[in-house]
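Each of the two complexes below includes subunit A, the first together with subunit B, the second together with subunit C.
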Partner chain A sequence: MHSVMLRANALLTFSVTILALMCAMASLSDNFNSPSPTAQVQVLNIYRFQKKRNGDDEVSLTFNMSANLQSLFTWNTKQVFVFLAAEYETPKNALNQISLWDSILPSKEDAKFWIQTTNKYSFVDQGSNLQNKDFNLTLHWHVMPKTGKMFADKIAMTGFRLPETYR
Partner chain B sequence: MGWVGEQIDSIKSLQFRQVLTQAISLGMIVTSALIIWKGLMCVTGSESPVVVVLSGSMEPGFKRGDILFLHMSKDPIRAGEIVVFNVDGREIPIVHRVIKVHERQDTGEVDILTKGDNNFGDDRLLYAHGQLWLQRHHIMGRAVGFLPYVGWVTIIMTEKPIIKYILIGALGLLVITSKE
Partner chain C sequence: MTRSDSTTSSSIIKAAGSLRLHYLPKPFFSRQKSSELVASPMDWQGQKLAEHLMQLPLVLFAVLAFITGYVLGSFQTMLLIYAAGVILTSLIMVPNWPFFNRHPLNWLDSSEAEKYPKPQPANLGMKKKTSKK
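Coming up: the complex of A and B.
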């Protein structure tokens, strides 16, 4: 009876070790992938731009975006989380990052897309600094693996500017 | 009765030296587990280097029972990162994604807003009453690695303590009665 327990123990230990090794190798294999994603964003319309009652500026806009993130997918990729953030600097804040839109790409086929939409989350500044403000739109992605290490990177797109007057 | 009898016999036949050896080997197992845990705390800089996902708010990325490895570094927190945070008045830490960051020019302090990927709205409803932003001190760590399913062991053990006691008892018996 004793030896049965010992054998079961040895078998369990061995299989867990092999499983852990396979997970580690799957995660390490992600490092060999050198992705080359592309993205273009166009701001179509800033249809609302005003000061909220508490004094903070708020912007509502429509934009379209085309992106190809297919090269991010490897055999160890469960999904890619992708989001577009407005990034700018104000006298008060060295960095403001405001996520405007996000999406989960569950498979490689979904990773090449074109979308036209309004901002999903509110674009509100801390204060009233947005008139005539230059800002970047940055496409961030977060690769979530089946197992192991997570990866993240971004493409920054510059040269966007908010209007001088509220509308 | 065969197996139980055998085990009882083997306990009866123990010598003092043997008991001591086994106590030491048991102690070694416990202390090495402790060393690994504390070592991980040092390396990752996080109070709890490993957390188990308890809710479905980050599905389909993280499901209940998955394990996350945390890392806490001096690096500034940025949008898109998955952070683990504690809200005042809540015991259980939450794992959600940062969607807004405002970092002060002079002090470097940050205001952070989070949201679960699978939730409809942001987390302001989860924060303490009247709290609009998370600050740096709420953040326990950021998720850097992921391992599926393994956390179910702890979920089952917390929800059905009886299984925990059976498992600990069986393992203890195995250590006591095993001979090299």
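Coming up: the complex of A and C.
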């Protein structure tokens, strides 16, 4: 510690190491948070159900959803990425997941919401398996921290069915 | 300290002088006498003090910053308090403050050292080693 440069170097190294430790502690403090999110969704209308030229089924629907994801936010949360996926089974695939809608919730205030919309992304099958198909609408979320590990979870809402015939 | 040491050091100081470092305030750069050229502006006690003056404030500020940030629920508050702590710590321990040099060491002047030449290694010892091989 005999020169200015050496002391400046020691200070820089030590302070950054301590900063890393503080960020690790902040990330670990997220484990003390036990979230209790809720969500409900209703399918209002399936206004298009067609077989496309390449043989794949396509669905267009309107839905409304209310959700309260405020308990997911901690002091170490940057934003929550949330998406609604339609999930169903086909002979070819045990699980098909198609994202119909997504959003970024940048703050706790945005995390309690009600929305009514058509599907943002197209609901297209790999093939022609959707007639009379039972499906779940699952709300997934990814909690993105300011520092540390991102974790993801979901709520599955069951009991939806597609029509038997095309319209 | 031999003559060659002081010549090299003085040439370095002259080169550094061309960088106009001597325009900086005294704690950052000070012109020193030739006998002090190889001595540092800090003594051993000062270096120990500098190390403690770095570790203790930084850890204290880190603990304070974390607790405040956690209680207030603000990550930004934690970072700001810690940044203030880092700047404060740098101001008290990075520059060459005079209180780091309160126990200075008295180096021997080079002209004094030349009066007593270094002892040469004994030839008898060398011959014994080679004959053993």
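Assume the second predicted complex is superposed on the first by the 165 of 167 C-alpha atoms of A that agree within 3 Å, B and C clash if a C-alpha of one lies under 4 Å from a C-alpha of the other, contacts with A are read in each partner's own complex, and residues count from 1 in each chain.
The working rule: contacts are C-beta pairs under 8 Å (C-beta built on N, C-alpha and C of every residue); 3 or more make two chains touch, one makes a residue touch a chain.
Everything numeric here is computed off the predicted structure, so don't read it as measured data.
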item: Contacts of A:H142 with subunit B and subunit C, given as first, second, both or neither; value: first
item: Partner chain(s) touched by A:Y47 [first = subunit B, second = subunit C, both, neither]; value: neither
item: Subunit B versus subunit C as contact partner of A:A152, first or second or both or neither; value: first
item: Subunit B versus subunit C as contact partner of A:S99, first or second or both or neither; value: first
item: First, second, both or neither for A:F14, with subunit B first and subunit C second; value: second
item: Greater subunit A contact set [subunit C / subunit B]; value: B
item: First (subunit B), second (subunit C), both or neither touched by A:Y121; value: first
item: Subunit B/subunit C common contact set on subunit A; value: 1-2, 146-147
item: Partner subunit B, residues of subunit A touching it in the complex; value: 1-2, 5-6, 9, 23, 27, 78-79, 81, 83, 85, 90-99, 102, 104, 106, 121, 126, 140, 142, 144-150, 152, 154
item: Sites on subunit A touched by subunit C in the complex; value: 1-4, 7-8, 10-11, 14-15, 18-19, 21-22, 25-26, 29, 74-76, 146-147
item: Touching residues (chain side subunit C, partner subunit A) in the complex; value: 28, 40, 42, 47, 50-51, 54-55, 58-59, 62, 65-66, 69-70, 72-75, 78, 82, 86, 89-90, 93-96
item: Residue numbers on subunit B that touch subunit A, as the complex places them; value: 2-3, 6, 60-62, 76, 78-82, 97, 99-105, 108, 111, 117, 122, 143-148, 174, 178
